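Encoded as structure tokens, here's the structure I'll be asking about.
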């Protein structure tokens, strides 16, 4: 954080201050898609503080050493709600060994469940997977106008962590290209939302039209030191 | 339309071409909030073509000579789904006379119903109005974790009309300040969506980050001649 | 009448005391729109509009209105640094998610349990609820600003609302031209009175039982 | 082998014939990613990625990758004029709403009714469905690009899928290294064959009945 930056809303904080909101057994939602757009410093903070028994909610489990995968492959999660774990074989092994519970949700359904939680809705009704044994298992169905839908419940979390390109002191966020992905949804779904930003800019320097996540949904902003993992394609 | 503008997707059209998609008895969804952000030329096109028996869906019924109000106060709608008609006394009179059916939806619920339709979802579950006699009347309820919710069904329309600040030839849209309001939601919910734009700009001149409505949801773009009514506050 | 400010502004000034720095606040039309005038300049409050604005500032100077920058009531506004625009669905998501800390609304009636009746005007056909239900049911705190009695002198704080409810058990605070009531655990408490009104006068114009705070405050601005 | 392009590119070239100007197209990983190479330069196609991109262009030159501009498979991409970014919920809304005209996917098995099985790899634990179900169930047209037989020579076009289904009755077209099948009204039709494969060879490697188009096309590029 630029020490000269005004902090009129008290939202700009340090990683250490952010970590005070993490505890064992909490439900944690994370932004990102295959690690792209996941907040590296907050993820390392979780490892350093040795937070355990996490219930994680996010698109996927990243790669073993990329994104949230770093947390999962070190056995820090007891449960994951995600659309796939295919890119993280360690997650698959932990699941096979019974050390990690995994709840799979189709990707588009998962993103809508996260959004529903963030928007204060109880659930959404979708026909995706309604005739699919695995997807519809243990879910309630509802018929609307002769058509069956699954009741897919909203998801929220104790804390949400997101990765932004820029944040202002109110927590208004803009993202970077496809690193936007689930971040705006995850930001809304946290009971307490922490944004790690590549750049923290003064209030008023973001155009009100370009803001993707209004600061209303963001409780804390910390500066990022950038991605510290090597991408799979590198 | 600038006659030099490339039209590689064939989406840029004239008002006359747009009006070919309007017919008596159709369901028409419109963007705007108290007339702000409603498309003036398309609304006048409806009047000029004498389209009747419309089922209208939108936030409100505008004012008698502002926004969609111009259509309603001339008796062209048989039904309206809106959150209020308070600013248009003619709508109230028509309702009282039995000439206009009105379905009221709480404003936030209505916007989510429109979004749900646009996102291909069947419904959303909300607890807004769940204990309210008027709002919950004839609606199905569902209990999730001991809490009751209303099942609020998604809304779509034969045609959606929206008002944008800028459009490119693919139909990518940006809006102007609070004239954004319901427009991005309405744009997604149309089976055929027509955007009236203050300015049509060349492909590539909108920053991919700033686009609010992806052109994927927009079938036609017409140039606007601007608002031609006097605002209530003027 | 204290410093001589008018009754509407006295009510607005009292309501402004409910606002603290960092809050997200939604204001209804009418007297609530006067509230911002009574806030300290250094206070960081984000005013929210249901159509899709966070961070509204004061009204524009006449002749400088922007037709595409209006609040939910349709009146031109301005925005402050840190503001943002969003679609109306997201604006209501903020309300339902509990991110709007306070709404200050007008009302037709409030009952002693905190039921709110502010959406159907007597003698008029149903004009629709607009966003009133979300705000009443979902804002973290609901403050009502209304005259103590209606035009015919009938009390607007009642035992049981005779007008159709907007939402039940939602009101936390009622500021009238005579007094300030808190509603805590569905009980109505007279907490403050505006000088020079006496408890007896307030009681006479209130159509329900209420308890009286021991340390009742007298407001004389 | 016609002009000498490799088998994967022959399949991709045939799949590219399904694309016409103005379409929104989602490509799976593997062979489908070769499809854009076989489109005319003047064709206006919008390639869609589930993470939140419309309007992807070709892969970046090595060393010019942007770590924050990747497709749903995690590989760096570029964008073309007219592109836009959105959140993943909106990207899937495009799919569910029927705004994605065509998806071209790999698969493990397809049955004669158009059931698709492409989400559980034999011998591996369930890796999750990702976005496969939305694409299979909701894209306007589903084209499958896969080898005619698996590594052990077993037919992948079958009477009834033995692997868990992704979605039923969703496949419209299957392009293999031997042939092109259409699935119309839940019936499998051999519509085209790649030279030099004969109908007899194709039949021998297909584990279900199918009808044969009268005007069967022979592809010899």
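Note that the chains take the letters A, B, C and D in the order they are written out, and that residue 1 is the start of every chain.
Definition applied: a residue touches a chain if its C-beta (ideal position, glycine included) is under 8 Å from a C-beta of that chain, and two chains touch if they have at least 3 such contacts.
Here the structure is a predicted model, which means the values were calculated and not measured.
J.: Which neighbours does subunit B have in common with subunit C?
T.: A
J.: Using the touch rule from the top, work out which pair, A-C or A-D, shares more C-beta pairs.
T.: By number of C-beta pairs in contact, A-D is the larger.
J.: Which chain's centre, taken as the mean of its Cα atoms, is farthest from the centre of subunit A?
T.: Result for max centroid distance from subunit A is chain C.
J.: Just the number, please: Cα centre separation of subunit B and subunit D in whole Å.
T.: 36
J.: In angstrom, rounded to a whole number, how far apart do the mean CA points of subunit A and subunit D lie?
T.: 30
J.: For subunit A and subunit B, what's the span in angstrom between their mean Cα positions?
T.: Comparing mean C-alpha positions, subunit B is 32 Å from subunit A.
J.: If I count partner chains per residue in subunit A, which residues reach a count of at least 2?
T.: 112, 119-121, 126-127, 175, 177, 208-209
J.: Where in subunit C do residues touch two or more of the other chains?
T.: As it turns out, subunit C has residues touching two or more other chains at 79, 85-86, 89, 92-93, 95-96, 138.
J.: State which pairs of chains touch, listing all of them.
T.: A-B, A-C, A-D, B-C, B-D
J.: Looking at the complex, which residues from subunit A come into contact with subunit B?
T.: So the residues of subunit A touching subunit B come out as 112, 116, 119-127, 140, 142, 144, 147, 149, 151, 153, 174-175, 177, 208-210.
J.: So in the complex, which bits of subunit A are touching subunit D?
T.: 33-37, 59-60, 82-87, 92, 95-96, 102, 104, 106-109, 111-112, 114-115, 126-129, 131-132, 134-135, 165, 175-185, 212, 227, 231-234
J.: Across the complex, what residues on subunit C touch subunit B?
T.: Touch residues, subunit C against subunit B: 49-53, 65-77, 79, 85-89, 91-93, 95-96, 124-134, 137-138, 164-165, 167-168.
J.: So in the complex, the part of subunit A that touches subunit C is made up of which residues?
T.: Touch list, subunit A to subunit C: 8-10, 118-121, 168-170, 172, 188, 203-204, 206, 208-209, 211, 214-217.
J.: Give the list of subunit D residues in touch with subunit B in this complex.
T.: 21-22, 24, 44, 46, 48, 54-55, 79, 81-86, 89-90, 92-100, 138
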